[in-house]
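Next up, some structures in structure tokens.
In what comes next, chain A is part of two complexes: it sits with chain B in the first one and with chain C in the second one.
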Partner chain A sequence: MDLLDFARGPALQWSLVIMVFGLAWRLTGILLLKKKPDFSEPRYKDTFHGRMLMIMRRMWPKEEFVRNSLLDLVLGYVFHIGLFVVVFFFLPHILFIKDLTGLSWPNLPNGVIFFVGAITVAALFALLMQRIMTPVKRLLSNFDDYFSWFVTTAPLITGLLAAAHVGARYETLLAIHLLTVALLFVWLPFGKLFHTVMVFVSRGATGGAFERKGAAI
Partner chain B sequence: MTGSLRTVGDALARRGVSRRAFMKFCGALASSMALPPGVVPAMAEALAKAQRPSVIWLSFQECTGCTESITRADSPTLEDLIFNLVSLDYHHTLQAVSGFAAEEAREHAMKAHHGKYLLLVDGSLPPKETEYYSTIAGISNYQMLEEAAKGAAAIIAVGSCAAFGGLPVASPNPTRAVSVRDVIKDKPVINVPGCPPIPVVMTGVLAHYLTFGKLPDLDHLGRPKVFYGETIHDRCYRRPFYEQGKFAKTFDDEGARQGWCLYELGCKGPITYNACATVKWNFHTSFPIESGHGCLGCSEPGFWDRGSFYKPLSTGELSKATTIAGAAAVGVAVGAAAAMMSRSRQEKVTGGK
Partner chain C sequence: MSAADVNVAHPLETEGRIHRLKKPAVRADVQGNMPDKERVDIAMKHFVKDFGRLSAIYMESCIHCGMCAQACHFYAATEDPRLTPIWKLEPFKQAYKREAGPFALFYKIFGLKRAVTADELKEWQELLYDTCTMCGRCTMACPMSIDIAALVAQARHAMFHAGLVPHELHAVAERAEKEGSPLGATPKVFKDRVEWLADDNDIEIPMDKPKAKVICSLSSIEIMKYPESIVATAKIMKHLGLDWTLRSDGYEATNFGLLSGNAAWQKDMSMKLINAAIACGAELLILPECGHAYGALRWQGANIYGKELPFKVRHISEFLGENIKNGKLKLKPMNKSVTFHDPCQVTRRGGVVQEPRDALKGLGVDLIEMSSEPGMNWCCGGGGGVVTIHRADATRYKSFQIKMKQVEDTGAEMLVSSCSNCRLTFDDSQAHFHWDKKLHSLLELVAENLIEE
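What follows is the complex of A and B.
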């Protein structure tokens, strides 16, 4: 078994198993936690509207914070949208998802994917530099932040290198790319990347609580 | 077929081959090996003076596809090869004699040209522990290879079976077959894989040896870089469609008719190093992708065990979905247990309020 066979076989298989196990474990654990009893009279019993509103409103900061966090916002959106495009609209990725779930959709030309991928990598590096250069952010950052950045950026870089055939033979680069993806899968449920699943759950829960109390969202 | 070591030039002259035809032949050879045009006169001179080496071709666990392929060589043709360029002294399929006479021819060639003959092997072979799974004239493949290798100037493993084990090695490998390189450690072995290899690649490697008196530059798998230096994907005429994101979804859809990329249909061109896309097959007519089928990756080790030929390269070789479903079920159970423990602790602290 060579490196590519290992990456396509056991590495992907076990990383997927760990990711699914971890996601199921953490989601179930959180969703089944006992809620704090609230004895107050609810302002609104149906909190669906509040949940949805909070999910949407938190996509953009309050006006007074926009100026100070504009760069974060732009870079954050660039790399999130970039990641979405690269992960979900590159044909080999769609085929991987199709093989797992049976779902597929149209792909974008490779040139578009590579362009978006390069911009995404640049945005991720800019955010890393900002994290390191800004004293407050540096103090707030821990291993989880840096490792989560690494496991997000590594598949992008290795994917671009594989596409451009730079640094090694294609099959080696492809194997390394798949191994970095496997690392991402393994880390996703256990670090800050878990927000990919929890972002809407936590925002919805907060929105529901606010709505119940009649607080402004 | 036993022949003396005449020069190639003598053999050509005897057969009435003109200088012009010989230069054309050298030009074609140089071109197939990606050598510059300036090298052709030197090549012609070297080839004309080259001694026709004795060639012993051993066939072990194989299907004769490699021999079938070389009979379709066009530059040089098989006739050119065995009448002008080399003295083919032993080959099961091509030789006229059989039985004891055939084995005598091999033994005679091995003695007469000791240290000078070229040994070509197609097919894998069982190792010493299981050597009697495959025998010829009562001699195991293992023993025959070991004996023949001792006096060989160089060994060429022809086809994926000889180079990497090929189909006989595929799981469950009932004969525990191994490649030539797994057995021969003290001699240069050049791998010319493919199932079968491209004819001109086989003849080109021989011609290179005759011209330059040495083996060509090899890659990390022992393959001549000149023929195995680039992937099928990199030289594929359908590559622009890959870049444009245009893929055939089935073998008979509009994309297939338009000649779009076959990646989605399982083409292994991106990880396969071979000259099919440039040299092509059947007198340079076409190659599998041009005929509408994805590359199987037959010149790569273990190609037979790399899952379905029709599964895209980017998909994993994953076991059944039940494993993933099982992981989800276990995760839910562990999460529920953790939540219950947390609730229980919470109730202890709050007294159930």
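What follows is the complex of A and C.
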């Protein structure tokens, strides 16, 4: 078995297994904890609206916070949307997903994907700089922040290199790309990338609790 | 410590701008004698005690974006990164991951999170008490909607049991537990004051009626510093012709058990009010112009009681708004422009938004809002027990300048609010900065402008 076979085969398969198991373990560990009963007289009984509202509203900051968050917002949205486009609209990715799930959809031209990928990488580097240079972010940051940045950025860079056939044999570049993807899958449940799940759980939980009180959402 | 001893050990300052504990000659910010390891163990045990699903969700959700910093008046005033709201929980986040989270085993075995030290907890005392009012503005900025204020309250439980509460806050909490009031408004003082107020203002203020439909509670800040609010309450109750009473066995609505972090004392304090309301068969308990008192009883009271309360709980501003809107209270128009300072625990975190505005509408004022929405109002900086802590004064004044600017920017003629702790903070800061704006009580304005029929 050469490196590409290993990356395509056991590495990806096991990383997906670890990801699914890790996500399930962490989420179950949280959600199985007891929810404390609330006997207070609710202002509003139906909290579904509050849950949905909070999930939607936190997509964009309150008027008072926009100015100070502008850089975070622009860079954050660019890299999240960029990542989404590259992951889900690059033909080889769609074929890979089709292989796995049977689902497929139209792809975007390679030129567009490369352009978006490059911008996404640039946004990620800008975010890293911002994390290092902003006193608040620097103080809050730990290994998780930098490693999560690395495992997010690495597949993008290796993917761009593989697609452009730059730096090594295509098979080697592709293998490295797949291994970095496997690393991303493995790390996803354990560090801050878990926010991909928690963003809905946390916003929803607060939205529900606050709606019950009529508190600000 | 007996009630008499507590008065000697923790003397009060009743002549200065703020009614609070006298500035201690020697600070005692660490309580009890225990080895450092025991202190840390106790802190962590109490932090994870009753650790429910919601707290775990929050502990697992932070993405270290730091967006909460800008929402905190203490950070905004100082730009000290340590005052970033979520950083105030850092030792507890570490301890949670190491001791209680889903991957705790891995963190511990591989030493991925080191154990928190007693020195760290001592350092964090300032962050959890002096520079956090639990105003919850940070929750409004957090893209993950982490309720940081709720976690700070939980961390304060841990700090209290580990004997790491700032001197003044511990002392006033002890006074409240032993004497029934943090500011010396003992049942006897309270009854004497009410009797004097009734005579002086020629108004009936019912005390200790065995049965009444409505029971009113007060903040000791009102009893000791703003007694006119008691008269205002009596005027309004009389105007409405309600069967109401004050009770000397349950009158103090402030809850320094909650603010200091002692859950047992919090329960004692809440149960006094609950038992008094039950004893007189009240259908409605009215909370005074006090922010945290609202959260303590309206949202936490039933959970402390263990079941639904057999009476309704309303903030006085809710009660006023409802009775103005339904036409039972008719008011003379003031014809002034007014801005309203929303007390954080009543509005942002408590949900009382429209009622005080209905009351202001009844007063015929031109309301100029301070922020894009009531939930975004800046905190006065004195809540959460911060105003009691002498060493916190400098930072509190600094942060108050943000509030001053927010008020000034409205250009309103009058400033009104519905929290006596905010009022105390505003009065003190107004004198400190020689500011020409005075904060008026909504309750007193309503009482002054009643149309007698």
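Here is the rule we use: the second predicted complex is superposed on the first by the 217 of 217 C-alpha atoms of A that agree within 3 Å, B and C clash if a C-alpha of one lies under 4 Å from a C-alpha of the other, contacts with A are read in each partner's own complex, and residues count from 1 in each chain.
One rule holds for everything that comes next: contacts are C-beta pairs under 8 Å (C-beta built on N, C-alpha and C of every residue); 3 or more make two chains touch, one makes a residue touch a chain.
Predicted model only: the values in this text are computed from it and were never measured.
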| item | value |
| --- | --- |
| Simultaneous placement of chain C and chain B on chain A, clash or fit | fit |
| Chain B versus chain C as contact partner of A:201, first or second or both or neither | second |
| First, second, both or neither for A:215, with chain B first and chain C second | second |
| Which of chain B and chain C A:26 touches, first, second, both or neither | both |
| Touched partner set for A:141, first chain B, second chain C, both or neither | second |
| Touched partner set for A:174, first chain B, second chain C, both or neither | first |
| First (chain B), second (chain C), both or neither touched by A:56 | neither |
| Chain B versus chain C as contact partner of A:37, first or second or both or neither | both |
| Vertex chain A, arms to chain B and chain C (CA centres, degrees, nearest 10) | 170 |
| Chain B versus chain C - smallest C-alpha distance in the overlay, whole Å | 5 |
| Contact residues of chain A, present in both the chain B and the chain C interface | 25-26, 28-31, 33-34, 37 |
| Sites on chain B touched by chain A in the complex | 231, 233-234, 242-245, 247, 263-264, 270-271, 301-302, 306-307, 311-319, 323-324, 327-332, 334-336, 338-340, 342-343, 346-347, 353 |
| Residue ranges of chain A touching chain B (in the complex, touch as defined) | 1-2, 4-5, 8-9, 12-13, 16-18, 20-34, 37, 91-93, 95-96, 98-100, 107-112, 165, 170-171, 174, 178 |
| Chain C-facing residues of chain A, complex | 25-26, 28-31, 33-41, 43, 54, 58, 61-65, 68-69, 72, 134-142, 144-145, 190, 192, 194-195, 198-199, 201-203, 205-207, 209-210, 213-217 |
| Residues of chain C that touch chain A when the two form their complex | 50-54, 56-58, 60-67, 69-71, 75, 79, 81-82, 84, 86-87, 101-103, 139-147, 298-303, 305-309, 312-313, 347-353, 371-376 |
